[in-house]
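Alright, structures below, take your time with them.
Across the two complexes that follow, chain A remains constant while its partner is chain B and subsequently chain C.
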Partner chain A sequence: MNEGKQLSSNEHKNIKAYYLLIPTVAFEFIFFIVPLVIVFIYSFSQTDPFGRIRFEFTLSNYFRVFTPEFTRTMFRTFSLATISTILCLIVGYPLAYYIGYKEKKYQSLLLMLVIIPFWLSFVTRTYSMISIFSSNGILNQVLAFFGLIKDRPQWLYNWYSVVAGMIYNYLPMAVLPIYASVEKLDKAYLEAAQSLGANKFVTFLKVTLPLTLPGVVAGSILVFIPSVGEFLIPELLGGVDWYMMGNYLWMTFLTIGNYPFGAALSIVLIVIVLLFIAIYSKYFAKEVELGF
Partner chain B sequence: MKNLWDKFLKGYTFLIFLFLYAPIAILVLFSFNEGFMVGARRVGSTVVWRGFSTEWYTKLFDSPAIWAALGNSSMIAMITSIASAVLGTLSAYAVIRYNFKGKNLFYIFMLIPIIIPEITEALSLLLFYVTFGVKLGLHTIIIGHATFCISFVFTVVKARLADYDKSLEEAAQSLGATPVQAFIKVTLPILAPGILAGTLLAFTQSFDDLIKASFTTGAGVITLPMLIFSKIKFGVSPEINAIATITLLISGTLALISYWIQNSS
Partner chain C sequence: MPNRRDFLKFGGFFGLGALAGGGIAYYLLQSEISRLNEALKETYPNLEPELNVYNWYDYVAPGVFEDFTSEFNVKINPSYYGNPDEMFAKVMAGGSGYDVVIASDYKVGEMIPLNLLQRLDFEKIPNFINISEEFVNPLYDPRQEYSLPYMWGTTGIGYNKDVVTEEFEGFELLFEEKKISKYSKKVVLVDEMREVFAAALKYLGYSLNETKEERLIEAKNLIMKIKPHILKFSAEQVKELLISGDVAIALGYSTDVYLAAAQNESIQYKIAKEGGTMWVDNFVLLNEAKNVNSAHKFIDYMLRPSVCAINSNYLFIANPCFETVERGYVSAELAEDQNIYPPEEILQKMEIFKPFTVEEKDRMGQLWVEIKA
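Here is the complex of A and B:
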């Protein structure tokens, strides 16, 4: 009897949680989910000769997405995002490791230094790279000062300037989750491995790396997804030859105004992202902790 | 050996921070670069230092376009961050205070607007507005920003309250407070630093957004990042450095306030 009452009062409490969630869920449903459904519908529509949209089912937009012009772009997008993700992890891991082993009082300061760029304007940060990499830019001035170069190579408008821009902007997203898993790591395991005769390198490979793998996975999600949909970095640092899918989406919607084709292109991008999320889904909600 | 490894990591960390902050420092430095005349036009370099001058800032203060963009961006960020603070806090509170079915699903639901490529969100919202004949303007940008800013507030408030003790609120209620009173008197003060930090983050994310604003803006409504972006298309200049420095100053100040709040409580 008493138990039954307890249960119903708990249920009552749970219903209260749903009331609190209603405004957010309703808002996100209307302005986030419904628009995605609309994109899906548009991707099967067509334009008449006057450029007006007719909702008659067609797959022609998807056929166009899979012509060589766009499969090349998709391949380029995927490659650039993958290279950027791997490099972010490689560059970010030692930093996360270092911060994770620092004394507590330095940890928060170092973390703050990692996170602050994320607060600063994305446009401004990307713009700041132009003056570094341009042919008469700071990098060449420094290299020439040390006598390392004779002429002034153009670092911009190449795949590596796009990747450098990605690392510059997304490094914090790789460092934060790796740091979180290094910090959680029970240091007793390392002492155990070393007292059993493993050297530092073996300890790292057999103990530290496997135990921090969830952080690495979370970091790869947080870097790969925004970079596969990146627009601004290839726009400013890559140029037309290194345009990614995001640049074609921008052009198709804001310059050309071909909504049905743009919709199909973006559905393909969304599917790539969803596939990626599906692969990592078991790590998804658990490990992706953002530490702003 | 241990010392050497430690020194290597220290040096490496220093180099990474140099990589993260030097371009920003150089950008700010060259916003104070002196200009020179080319024909009848005053131009300036962003890579060769000619001397200290505040002429680019003076030029900015006289430009009505800059003031209009700054006004639009501030207005959008203000309304977005306050609305997101309310919705994000309610959701975070529900998640921390109660256990309910579908909680994990809700976490994922709240993460997706932050991590999905922004351009797909932006174009889908544009199609939504076009389909339902919504007139574009400031309000359509605000709605677009709120969809991801709610998630930011939610994430920050939730993280802040991971070790929140719900028995405090129950104690207040058993002493005769109504649920609303208990929330306002007991829970809200505990939540306050997290809410403030989340709201500041939402403000900067909205203030600095280029993509969603570009897709959902109405005729003649230009935000500060849109203005910077359109100027970059005509080439780099110390004038852009000066506008960019102002955005850095605003976001940077808010970031430091946020850290100060989080560390002092």
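Here is the complex of A and C:
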């Protein structure tokens, strides 16, 4: 019988601590769970000719998701997200490592430099790339000034410019978590490894990298997930081959106004991303305790 | 010689005097303003003090809103959209807080059956009589109950005359492989599904409101064929790409091309000989509008021939107000431009978008995805 049981003062404190979670839970409920449920319900409904939702159960929205265009767009989206993530890690890791090993007083300055671009609006940052790389842009003017080019090449509106834009915008997402784990790394381990005869490369491979892996995994997920939903960077910096899932969703909801089909597309996208993350974290979970 | 003390005393008195004078002047001015405001309230007793207007970005000449405010003492809070789909989604979601929205023709047609709009009270809009006959009872509002036209223009070809030196008459420049391939990757098409299909359908000799599947597929194949030569589809960058010289040919709104031409004199605009889209932006009043009287006053004010013309002259765009050209309100440069005020035989070939149902949009949308993906 538990009824008569007195709660210890410690347990009292714990229960009170849970009250602190109320704002978080309420927020998550209203802005995450409820919209997700609405999207889920919409995906099984229909519209009238003017775009109003009719709640009559149908699976037809799901049946028409899997077209060759969907597959192509999905493949393109995941390729872009994967490439961007890998490049962000390749660029971000050495940077985070460098900052993590600097003296404390320089660390905050360097981190500041990583974060400063984030103070600008996302659209402004992306437009600034256009003004640098467009055919009349700063880069071509400088190159022409030094006589390095004759006519003005077009750097933008292709895959490279989209990938460059992605790296530029998402790099801090990779750098910050990696920096956090580099900074936490106990430098005594490195001395131990070296005193046991490991050279610098082996030390990095066997000690530093595994111990900073949680940061790498967190960083890669932080870059990957928003990349999958990205549509503005491909739209502004891409050419005719930029069509991503985000653009497809935008068009289905806003241009066509078919909310049920858009909802079905979103649910399929969410499921695929979750599967992707699940496989990814299962693979890494052996080495890293991430709590996924 | 005045000593320092006298000087300070003098200065002090002078300063105090100036202050007092200024104060009195300020008081008189304020009381005059409030008296005028009172008088204004008596003249227009029903006007609400504020009005929320939702409009395309940069789509009213500077000073026009301010003049309205000083005349009627109604403050305008403008909000902007860059794309009609964005506007539609926001209004459809409800609770937008807007009173007057400036909406494209077919969007008006889509908003009416959704009960988003309220009927206009034409007794409160005497300037309604200024609307030219051909804009009355349009396709998208057949009994002219919900909307009144603001400005109108066309969709056509913008080109850089330094690069495109050959003669062309219409959409063959875009859709003939032989011609377009000379400007490969120097072409931008406006990122509007219906506009791109409209150009292809017109080139094929069909109506731009065609919904027959096989004709739409024909149009799709035509667009697919020239896709390798297109630099990009863009909603917002047409103007910039023309100005910077990144593209030599654009399928775009006349407004965008004219604004580009204002900054780069090599840019020219041409309505295709096949015709094309004639679009009309309209004033509509939302059902949920709170400032209904001010909204009517605002629409009435915007339809004054003089105000119509100020906006036209600033935006390089034609207005639907009667005789603004004949009476010389619109600048001669604009009035004589056949691509802004096209002659009758070209106007005959222009069409206004018919509002599509979701099903019709979906059918075209599926083909549009096939083009893009």
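Keep this in mind: the second predicted complex is superposed on the first by the 225 of 292 C-alpha atoms of A that agree within 3 Å, B and C clash if a C-alpha of one lies under 4 Å from a C-alpha of the other, contacts with A are read in each partner's own complex, and residues count from 1 in each chain.
We adopt the following convention: contacts are C-beta pairs under 8 Å (C-beta built on N, C-alpha and C of every residue); 3 or more make two chains touch, one makes a residue touch a chain.
Remember, it's a predicted structure, so these values are computed and weren't measured experimentally.
Colleague: Any idea whether chain B or chain C touches more of chain A?
Modeller: For chain A, the partner with the higher number of touched residues is B.
Colleague: Which holds for A:T85: it touches chain B only (first), chain C only (second), both, or neither?
Modeller: The answer is neither, since A:T85 touches no partner chain.
Colleague: Is A:E69 in contact with chain B, with chain C, with both, or with neither (first, second, both, neither)?
Modeller: Touch partner of A:E69: chain C, not chain B.
Colleague: Is A:T77 in contact with chain B, with chain C, with both, or with neither (first, second, both, neither)?
Modeller: neither
Colleague: What is the contact status of A:N61 with respect to chain B (first) and chain C (second): first, second, both, or neither?
Modeller: In the superposition, A:N61 contacts neither chain B nor chain C.
Colleague: Which partner does A:S161 contact after superposing on A: first (chain B), second (chain C), both, neither?
Modeller: So A:S161 meets neither chain B nor chain C here.
Colleague: When the two structures are overlaid on chain A, which partner does A:T212 contact: first (chain B), second (chain C), both, or neither?
Modeller: neither
Colleague: For A:M112, is the partner it touches chain B (first), chain C (second), both, or none of the two (neither)?
Modeller: first
Colleague: Using the touch definition from the top, say if A:G257 reaches chain B (first), chain C (second), both or neither.
Modeller: second
Colleague: Just chain B (first), just chain C (second), both, or neither: which does A:S134 touch?
Modeller: both
Colleague: Going by the contact definition given at the top, which residues of chain A touch chain B in one complex and chain C in the other?
Modeller: 130, 134, 136, 236, 253-254
Colleague: With touch defined as at the start, can you tell me which chain C residues reach chain A in the complex?
Modeller: Within the complex, chain C touches chain A at residues 85-86, 88-89, 92, 110, 113-114, 185, 193, 227-228, 230-234, 237, 240, 244-246, 357-359, 361-362, 365, 368-370, 372-373.
Colleague: Any idea which chain B residues touch chain A in the complex?
Modeller: 5, 9-10, 12-13, 16-17, 19-24, 26-27, 30, 46-48, 86-88, 90-91, 93-95, 97-101, 104, 106-121, 123-128, 130-131, 143-144, 146-147, 150, 152, 154-156, 159, 197, 201, 204, 207-211, 214-215, 225, 228-229, 232, 236, 240, 244, 247-248, 251-252, 254-255, 258-259, 263
Colleague: Within the complex, which stretch of chain A touches chain B?
Modeller: 13-14, 16-18, 20-21, 23-25, 27-28, 31-32, 34-36, 38-39, 42, 91, 94-95, 97-99, 108, 110, 112-117, 119-125, 127-132, 134, 136-138, 141, 168, 171, 200, 221-222, 225-226, 228-232, 236, 246, 249-250, 253-254, 259, 262-263, 266, 269-270, 273, 284-285, 288-292
Colleague: So in the complex, the part of chain A that touches chain C is made up of which residues?
Modeller: The contact residues of chain A facing chain C are 47-52, 67, 69-70, 72-73, 76, 130, 134-136, 154, 156-157, 235-236, 238-240, 242-243, 247-248, 251-258, 261.
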